[in-house]
Amino acid sequence: MTTETADIALDAAQPTIRRRLPLNAPLVAGVVLLALVILAAICAPLLQPRGPTAIDLRAVRLPPSLAHPFGTDAIGRDLVARVLFGGRISLLVAGAGMIGSLLAGTIMGMLGAFGPRWLRVVVDRIIDIQLAFPYVLLAIAITSAVRPSIPVLILLMVLAAWAGAARVVRSIALQERGKDYVKAAAVIGASPLRIAMFHVFPSVLPSLLVLAAMQMAAMIVFEATLSFLGMGVQPPTPSWGGIMLDGKNYMTSSWWLTVFPGLAIVLTSLSLVLIGDGLQGRRDAMREREGDA
Amino acid sequence: MAPVLSVENLTVSFPGRIGPMPVVEGVSLSLEAGSSLVIAGESGSGKSMICQALLGIVPKAATVTGNHILWNGRDLLEADERQWRAIRGAEIAMIFQDPTAALNPLFTVEHQISDVIRAHRRCTRSEARARTIEVLGMAGFPDAESRMKAYPSELSGGLRQRVAIALALACAPSLIIADEATTNLDVSIQAQIVRLLRRLKDELGLALIFVTHDLGLAAEIGGDLLVMYAGHAVERGPVQAVLDDPCHPYTRGLLRSAPTLSSSRANPLRPIPGQAPRPGTIGTAAPFNSRCPVAISGLCERVYPSWTEAGLGHQVACHRFAQDGRGGLP
Amino acid sequence: MTTVEARDIVKTFTVHRNGRHTVTAVKGVTLHVAPGETVGLVGESGSGKTTLARILIGIESATSGEVLYDGRPITSARDWRELRRHVQYVFQDPFTALCPTMRIGDALAEPLAIHRICPPSERRQRVTRMLDLVGLHPDVARRLPNQLSGGQRQRVNLARALMLEPRTLICDEIVSGLDVSIQAQVLQLLLDLQQRLALSLIFISHDLRVVRYLCDRVLVMYLGEVVEEGPTATVFDAPRHSYTRSLLSAIPDHSRPQSALQPDQA
């Protein structure tokens, strides 16, 4: 039976028609931008050794200058320092929130697709209820009960976003579950857990990555919103939303107090959305390609 | 009788990384009114692409070239989209493999057929309706008047294909192309559809091109047979003559590997080893060379064979046959 | 002694279209396969043959009736697991039957891992041996399903079913979507494997020509019932039921002249 052997050799000798997917513009742009933001945040102590809480009452509300490229705030703190250090907090909270929500969402979503009948129904209902609940209400409810701190904030993020992830995961998993290869895996003896993890999850992953980027973008804004409303990161710890809250009363007189943190939020969010967009493009191109096979 | 369709040297190719990839190369065929041509081949042989070229629906990336595609005195190679639109459905019609994909699930059978009629002719609603009932009847669709209000999803596969046939007949075309039109159907329905197409061809004087991978079906359709391999025509002639006396090693290999009602394990099937070559990799060699049991080394890998006579109207493109007149048989 | 047996299998579905009504896909079918035998199950769409096959392997449950293996009825999940060590199923569409994200080598090693047949170090060897047995180059192990042709994928499917060294193989329309020459290769492979591994085969197909070629015995199904059953030669040469006769006469055969198709209202 060496005919197929000859085919493979022939196959290998011929140039493949399939090419690796090229990197697309949004993905590259997003990654570069995000990398810059993260780098700046990481290097905050190096760039601003004085720290975000150094008060200098002689330098109150100074406009941007060489000494203070972003200006200073109402109690003389350097805004560059505050934005950079605030970035660490904002990125941390959003990142942890995103990872947490995706983890919880994946587990729930997979349970909702592969679990026993009763469990699937229960998970369905829980997801529906959670999705129907407006996050601001949730935030108010939780922050009135517990003092808002970073772990609480992260928990809030996870609670607000896990259901969206669960829904995506469940829908893809259910779709795959109906396909023959899942039945084939059952016939060779694979348990539902094995099928969920090794057969179906890899098909869920591309969409999950897209969701990750979009979720994190939303969480940057979510955290900023909560902090702006006073329910998020508490002073003196800087966060972008918090900085904007401080500068709220001086929006027309000292524009730099709201514009720079706002810009940071926009740029970070934008970079993540671009990444999400790029990943989505890649995923759709991959799907289309498989469709022609 | 003068041929109603005459294709010479048709080539359809796609752009490739290292050069053009022809999926149909140098194919010539001709067809008279009231006769049928079966184009037989496996996937990748180019048979469907020929049909698409005859309707002007090749993918945008593809280039169609050739000496001519003469249809009723016009050269279709020069046709622009406006001319194609006038021809499609009205002069040349096609029936596809999957009737579900060919019919719009949102509109009733009556609506779809009447639509096509009124797109090509100026007639009143009731005239279109009458014609719809007429063609549905011709296609063997039972109780046309009452059942034509049905949606495609309410019909079985066989009935859907009859609707597709009625659609094709609606504007009284002179040529019908059936591209694997019975492949998805049950055997018994397949037989009915084949009989129907043959009858329509005889009664209406249509020209019929029937594309299939099933040589048994080719025998049922009758007329002429064109055997395709990797984009090239390798043998052609009257169907029964080619099937009774196949001269090209590929045709022979195909017949030997297809089970028939008289096959049994006592006569084992003899598969053709290997796989068909990918487009653009044949170069100037004989297309079947890489898998041919009677290839002439030094010749078949370098020179493209020309047509040799093998009987009345029966021709084969094979060096071995040209050499010994027997194609390597003892 | 029989290996797999189905007794009085009935399967009903409820269909929700234009109101609820029940559809009986399988109406009391009994079938058995003896060791080393090839049994063909033929029918057109709606005959119930695929449903029956899926019931035999447990991916569909019967409404009533039982499946037996070596004479013992299969009732619990444990029984089904036991049955599936000895009876395997090959799906029709080779592309959808393989996990699109799993490399072939991993997919083939998986049954070995699940049932702990051999130590991990030996798995790769067995996979290579199996690929060779089905006529594929060992390099195929590194590929993904979408990098293989239809014929190659079907061989992989067969290979995976054979990894557990079953005694019976249920093949559900495994050559239906394939080109004639590839079909012939896979059929030849099947015969070859059957001889070498002493397999029993249940071969489901709508193509009577293939069944004629491959099977010792054949069951003809129509609308959920077995209308005729017997040795292949007998059923094909001297069919007794009218449905079998009409099915046989509808088959296009290039060894018969054109007018052989029965006159019928077209």
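Letters A, B and C mark the chains as written, and numbering starts fresh at 1 in each.
To be clear about the criterion, a contact is a pair of C-beta atoms (placed from the backbone, for glycine too) under 8 Å apart; a residue touches a chain by one contact, two chains touch by 3 or more.
Note that the structure is a prediction, hence the values are computed from the model and not measured.
Looking at which two chains touch through the most C-beta pairs, you get B-C.
Among the remaining chains, A is positioned farthest from chain B, on the basis of C-alpha centroids. Centroids built from CA atoms put chain B at 53 Å from chain A. One finds 47 Å separating the Cα centroids of chain A and chain C.
Centre to centre, using the average C-alpha position, chain B and chain C are separated by 31 Å. In chain B, the residues touching two or more other chains are 273, 275. Across the assembly, chain C contributes residues 185 that each touch 2 or more other chains.
In chain A, the positions touching at least two other chains are 3, 7. Partner chain C is touched in their complex by these residues of chain B: 42-43, 140, 157, 186-188, 190-192, 194-196, 199, 213-220, 222, 240, 243, 253-255, 257-265, 268-273, 275.
For chain C in complex with chain A, the touching residues are 57-59, 81, 84-85, 88-89, 91-93, 95-102, 110-111, 114-115, 132-137, 139-140, 146-147, 152, 155, 157, 160-161, 163-164, 185, 189. Residues of chain A touching chain C in their complex: 1-5, 7-9, 12, 18, 179-181, 183-191, 194, 198-199, 202-203, 289-290, 293. Contact residues on chain C toward chain B in their complex (touch as defined above): 44-45, 149, 151, 179-185, 187-188, 191, 206-210, 212-214, 233, 236, 246-258, 261, 264-266.
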